[in-house]
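So, here's a batch of structures to check.
Look at the two complexes coming up: chain A is in both, with chain B in one and chain C in the other.
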Partner chain A sequence: MLFNSIDFAIFLPVVFIIYWFVVNKNLKLQNFFIVISSYVFYGWWDWRFLSLILFSTLVDYAVGVALSKQNDLSKRKILLWISILVNLGFLGFFKYYNFFLDNFVTAFSFFGTEIQGRSLNIILPVGISFYTFQTLSYTIDVYRRQLEPTKNFVSFAAFVSFFPQLVAGPIERASNLLPQFYVKRQFNSKLAIDGLRQIIWGLFKKVVIADNCAQFANDIFNNYTDYSSSTLLLGAIYFAFQIYGDFSGYSDIAIGTSKLFGFNLKQNFATPYFSRDIAEFWRRWHISLSTWFRDYLYIPLGGSRGSKGNQIRNVFIIFIVSGFWHGANWTFIIWGALNAVYFLPLLLKNKNRVHTNVVAENSWLPNLKELFQMVTTFGFTIFAWIFFRAENVEIAFLYIKNIFKFSIELSDRLKLNRFAFELLPLLSMLILIEWFSRQKEHPIKNVKHPTVFMLLIVLLIVVFGSFSNIQEFIYFQF
Partner chain B sequence: MKRFIIHTILFLVVLIASFLFVFSMADGTTDAFYGKLSSPKQTSLIVGSSRASQGVHPNIIDSVYGSKGIYNYGFTISASPYGKAYYKSISSKLKRDYKKNVFIICVTPWSLAENKLTNKNEIEYPEDADFIGKTNFVNINPNIEYLLESFIPKNEAIIRNKNRKGMYQTFYVQDNGWLEVTIESDMISREFRTKNKIESYRKRLVKYNGISEYRFDYLIKTINLFKEQGDVYLVRIPVIEAMLEIENELIPDFDKKMNTVATDYQIPYINMMPFKDAYEYTDGNHLTVDSGKKFSLDLAIQMKKLKSNNN
Partner chain C sequence: MKTFFKQFVFALTVFFILLVILDLVYTQIYSHPVYARNKVNWLMNKEPNQQFDYAIFGSSRVFFHLNPQQIKSETGLSGINLGYPGSNNFEIKLMVKEFLKHQKTKKIFIQVDEQYNKERLDPIAIIPWMPFIKDDYIYNEIKTVDSAAVYKKYIPFYRYMVYDSKLGFREIMMSFINANKFDSTNGFAVPSGIMQKRRELSTIKLENKKNNQLQIIIDICKKENIDLFFFTAPYYNTSINTEVLKEQLPNYRDFSGVFREMDYFGDPSHLSKKGAEAFTSLFSNTYFKN
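This part shows the complex of A and B:
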């Protein structure tokens, strides 16, 4: 079920009413109802894959219970590996089987050995990368004795399948979300209104920014040989805003929807395009995934401790794995590696934690240095996004090559004008709104005149929203 | 909770009211189709592709032929070739009033050709996924279904296009369904458009494969539907020689086939192609506004003659 669909517009109020007016008396009923609603939400896409979520839930619940009774380190390790193998096994099969097969066949034929590989027609279950990582974090935290394992299966099932963040995150830590299922939720009007406002802001980013940028970005990327350099550059910029509006919009809707049901999820985006270097960018973009990799991969590998060689290795591993998490394609791996290359100079000069505060914290505008840093970082990010968006590596390189031809064709100009005039005012508006609210969770939080702000956003959605051309959320495919 | 519910209801009221306000501004200036999909049911119709939509002027047909309120329900070659989707749309538009009405069915080889990309499975005909197949309600104003599901531009285009009527390169669906297209008429622009159009139809040719049985069957169904309610005329609108050559490659014996249909179903086939040099075209494929009027006059005269001969 898409957040920006009629189905969800009916589903959400129905679930809200039953949740607060029918099952509100009892914690178990509240949690059970969340599980049922979440399974309906997921099953709307394909009910067959509910069995995967259920199986993953059962395995991790059982492993958690077993870990609580087990003190022997080697047996605890075995239990942890059972959880890791089951979860990553599903992920590996559904997401990476064909990729590895194709690459093995290619590699063997390169060395003169022809082998036959049988590709499978596999459907990638929506959200598998997200809920797999969420349940893994639970088992790892329990193994590390950082979290008490739950004895309540319904609460655990609700934690794994919680519908607002089930299919595209934020990837919640058990330590933050699971305890919220242990306490009966009382309706909090202030929290719910804030949630509603965040949903509206998320919808604005999705239907006004992302879906409109998508029309132009798709046109330019799909017909990149027909366009001159300036248009190709614009296409990459539009994709940067498309993916930001799409994913951060989704996160805002997910967090806002959770607030309607009395839950607090962690912030997933913090105005990443105002970052002054790539390290700051990664502290502000898809925060739940970055911190997941930091805590469960980077730090166990040694993080930024140890020799320079190890530090460089760790950076490359984390970025390449992060790229590979996004999809079974070399384009994502190169995208990850490119970000590692951007990050490396900062690491080697020990400057990767210079910008931990918000840019221009106590002033209205950035100074020239900050502006230059932001523009440069945004430029590097755009360059990397080309690999992320391109269908394959060859196309990505051709796209970049055509940008550096520095060609401007007259036949392109009409279209370029249309692109510019239709979208640039909207993008400027987004940038301005986000700039002046860069210290807040979302722009409509704690504003002086929230009603006026809401009306403005609603009007923008109605007038500039793209409704006939509804695009699936990009991160659904991951 | 009370505060939240009031807040939410107010928000929903504002949201719905804003949508309705913007949608209420939609009219014939919105795009080339909206006016046709938001007008009431009609008793007499002109059907076909964009050639018909721009080329056949209902008021001229009415005034010369003597029909009352014939309505132009033509769209584009990609949206309204003969097939299940267009037939369903026409049926919904038609007011079942069994009097002596008049129907003009405009045919081109493109509207009856088999698209190689489609197979016999009807679901794969491209127009099924286009607005013509998706819009179930074609007689309501505002047509919210069309605006939400099929109107590609943003809603601001509804407001913006209202002020562009008559300006550079605009379209306007008049109350009688006729699509008035304003476009640069200088020779250079016209030659440029014609060259591009011919090139694009040459490219399009490879995607088609002669006459489609499926589309032909729906042409017959359309004829039968109209015959129940009045006089039916099968019409071929002229194009320039280069375009005709492409069409002759697509379906070489097209006129012969249409003559056979006309004979079998006892309706006249008015082939205006032999008079193609008498008209001017915006792009080799569509008649200019003035030529459209001239063509409509010539067509109405022919129709009237045929009717008098039959009487």
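This part shows the complex of A and C:
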């Protein structure tokens, strides 16, 4: 079920009403209803894959319970590995089987040995990368004794399948979300109103910014041989805004929806395109994934401690794995590696934690240095996005090669496109709104006239939204 | 909970009012545009009760092919080209009915081709009619072929949202600043480009049965005492079983194979500028000079 679909527009109020008016008396009922609603939400797409979520839930619940009774370190390790192997096993099979097979076949044929590999026609279960990481975080935290294992299966099932964030995150930590299922939720008007506003803002980013940019970016990326350098550059910029609007919009809708049900999820995006260096960018972009990799991969590897060699290795591992998490394609691996290359100088100079505050914290506008830093970081990011967006590595390199031909003209096709007319003012508006609300969770929070502001955003959605070309959320494919 | 619902209902009410206002504004602009940007709009805004010697209806294969101005210079007859891209039998019927509501003519020409067997609406060609769906007659017509017509009529602004790429903000703005290319030529748009690659023979197979939409036009013309003609415009290297059309339609003439030269075509289904001039002459000689 898409957040921007009629199905969800009916599903959400129905679930909301039942949740607050029918099952509100009892915590167990509340949690059970969330599990049922979440399974309906997921099954709407393909009910067969509900078995995967259920199996993953059963395994991690059982492992958690077993860990609570086990003090022997080696046995605890075995339990942890059971969880890791089951979860990553599913992920590996559904997401990476064909990729590894194709690459093995190619590698063997390169050395003169022809081997036969049978590719499978595998459907990637929506959201598998997200809920897998979420349940893994639970088992690892329990294993590390940082979290008490739950004895309540329904609460745990609700934590794993919680529908607002099931298919594309934010990847919640058990330590934040699970305890919220232990307490009966009381309706909080302030929180719910804030949630509603955040949903509206998320819809604006998705329907107005991302979906409109998508048409432009898709056209340019699909016909990159026909376009001049300036248009190709514009295509990469449009994709940067498409993916930002798409994913951060989704996150806002997910967080806002959770608030309607009395839950607080962690912020997933914090105006990342206003970052002054790539380290800051990664503290602000897809925060739930970045911190997941930091806590469960980077720090266990040694993080920024140890020799320079180890530090470099760790940075490359975390970024490449993060790239690979996005998809089984070399484009994502190169995208990750490129970000590691960007990050490395900061780490080596010990400057990766210079910009931990918000840019121009106490002033209206950035100074020239900050502006330069933001533009440069955005430029680097755009360059990396080309790999992320391209069908394959060869196309990415050709796209970049064509950019560096330095031909400046907007082709006729581009000029005729309706979006040349509307998109640039809309993007400027997004940048301005986000700039002036960069210290807040979302722009409609704590403003003087929130209702007026919200209605203005609704007006923009209605007038400029791309409804004839509704795009699926990009991160659904991951 | 009360505060939340109060706010929610308030926001919903304002949202609904907003949709109603936007719907009124958009519909008003499309009903009385500074520049009519499509054929439906153009026809709706034509001065009523004009007498035309003929009117031609069809798809892009009329829009880009037959120039009423050229016919006037060759025969002295004044006519109007009401073809527009994508228009199918259903939209042609709507166009004929709308035309006869406000204008007069002695002869009507309908272009028929590979789309002959289609009875349903064309999802693109129907869009220019959407601003006028509140008109009972247009709504009753559209609802027979579109199950979503009821939402488009009754949910304010819904039709402008679902067709945002054709009826959205850009089109509204363009109707203030950018004139169409067919106003000065009585509905004819000059084609551009010449076909570069020779194409293998392609075959179009029509089913031998009546088309209900066209039958309605035949009945109307009979009732109004208007001479009705059907024809097929030229194709490049295409075999089409036009004997079906000869059998099913009155006063049918087949022009599908009259041109063989590549430079007469922009693509296999559309003539070039040179081809359009030649076809207009041929059309005018065939129907108006005997």
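Rule of thumb we're sticking to: the second predicted complex is superposed on the first by the 466 of 478 C-alpha atoms of A that agree within 3 Å, B and C clash if a C-alpha of one lies under 4 Å from a C-alpha of the other, contacts with A are read in each partner's own complex, and residues count from 1 in each chain.
Quick note on the criterion: contacts are C-beta pairs under 8 Å (C-beta built on N, C-alpha and C of every residue); 3 or more make two chains touch, one makes a residue touch a chain.
Everything quoted here is computed from the prediction, not taken from an experiment.
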Sharing chain A, do chain B and chain C clash or fit in the superposition? clash
Is A:S466 touching the first partner chain B, the second partner chain C, both, or neither of them? both
Considering only the touch criterion stated at the top, classify A:M454 as touching first (chain B), second (chain C), both, or neither. both
On the A-aligned overlay, A:W20 touches which partner chain: chain B = first, chain C = second, or both, or neither? both
Across the two complexes, what residues of chain A are contacted by chain B and by chain C? 20, 187, 189, 192-193, 196, 422, 454-455, 458-459, 462-469
Quick check: in the complex, which residue numbers of chain C touch chain A? 1-4, 7-8, 10-11, 14-15, 18-19, 22, 157, 161-166, 168-170, 173
Chain B touches which residues of chain A in the complex? 20, 187, 189, 192-193, 196, 200, 212, 422, 454-455, 458-459, 461-469
Please output the residues of chain B touching chain A within their complex, sorted ascending. 1, 3-4, 7-8, 11, 14-15, 18-19, 22, 147-152, 154-156, 159
Given the complex with chain C, which residues does chain A contribute to the contact? 20, 187, 189, 192-193, 196, 418, 421-422, 451, 454-455, 458-459, 462-469
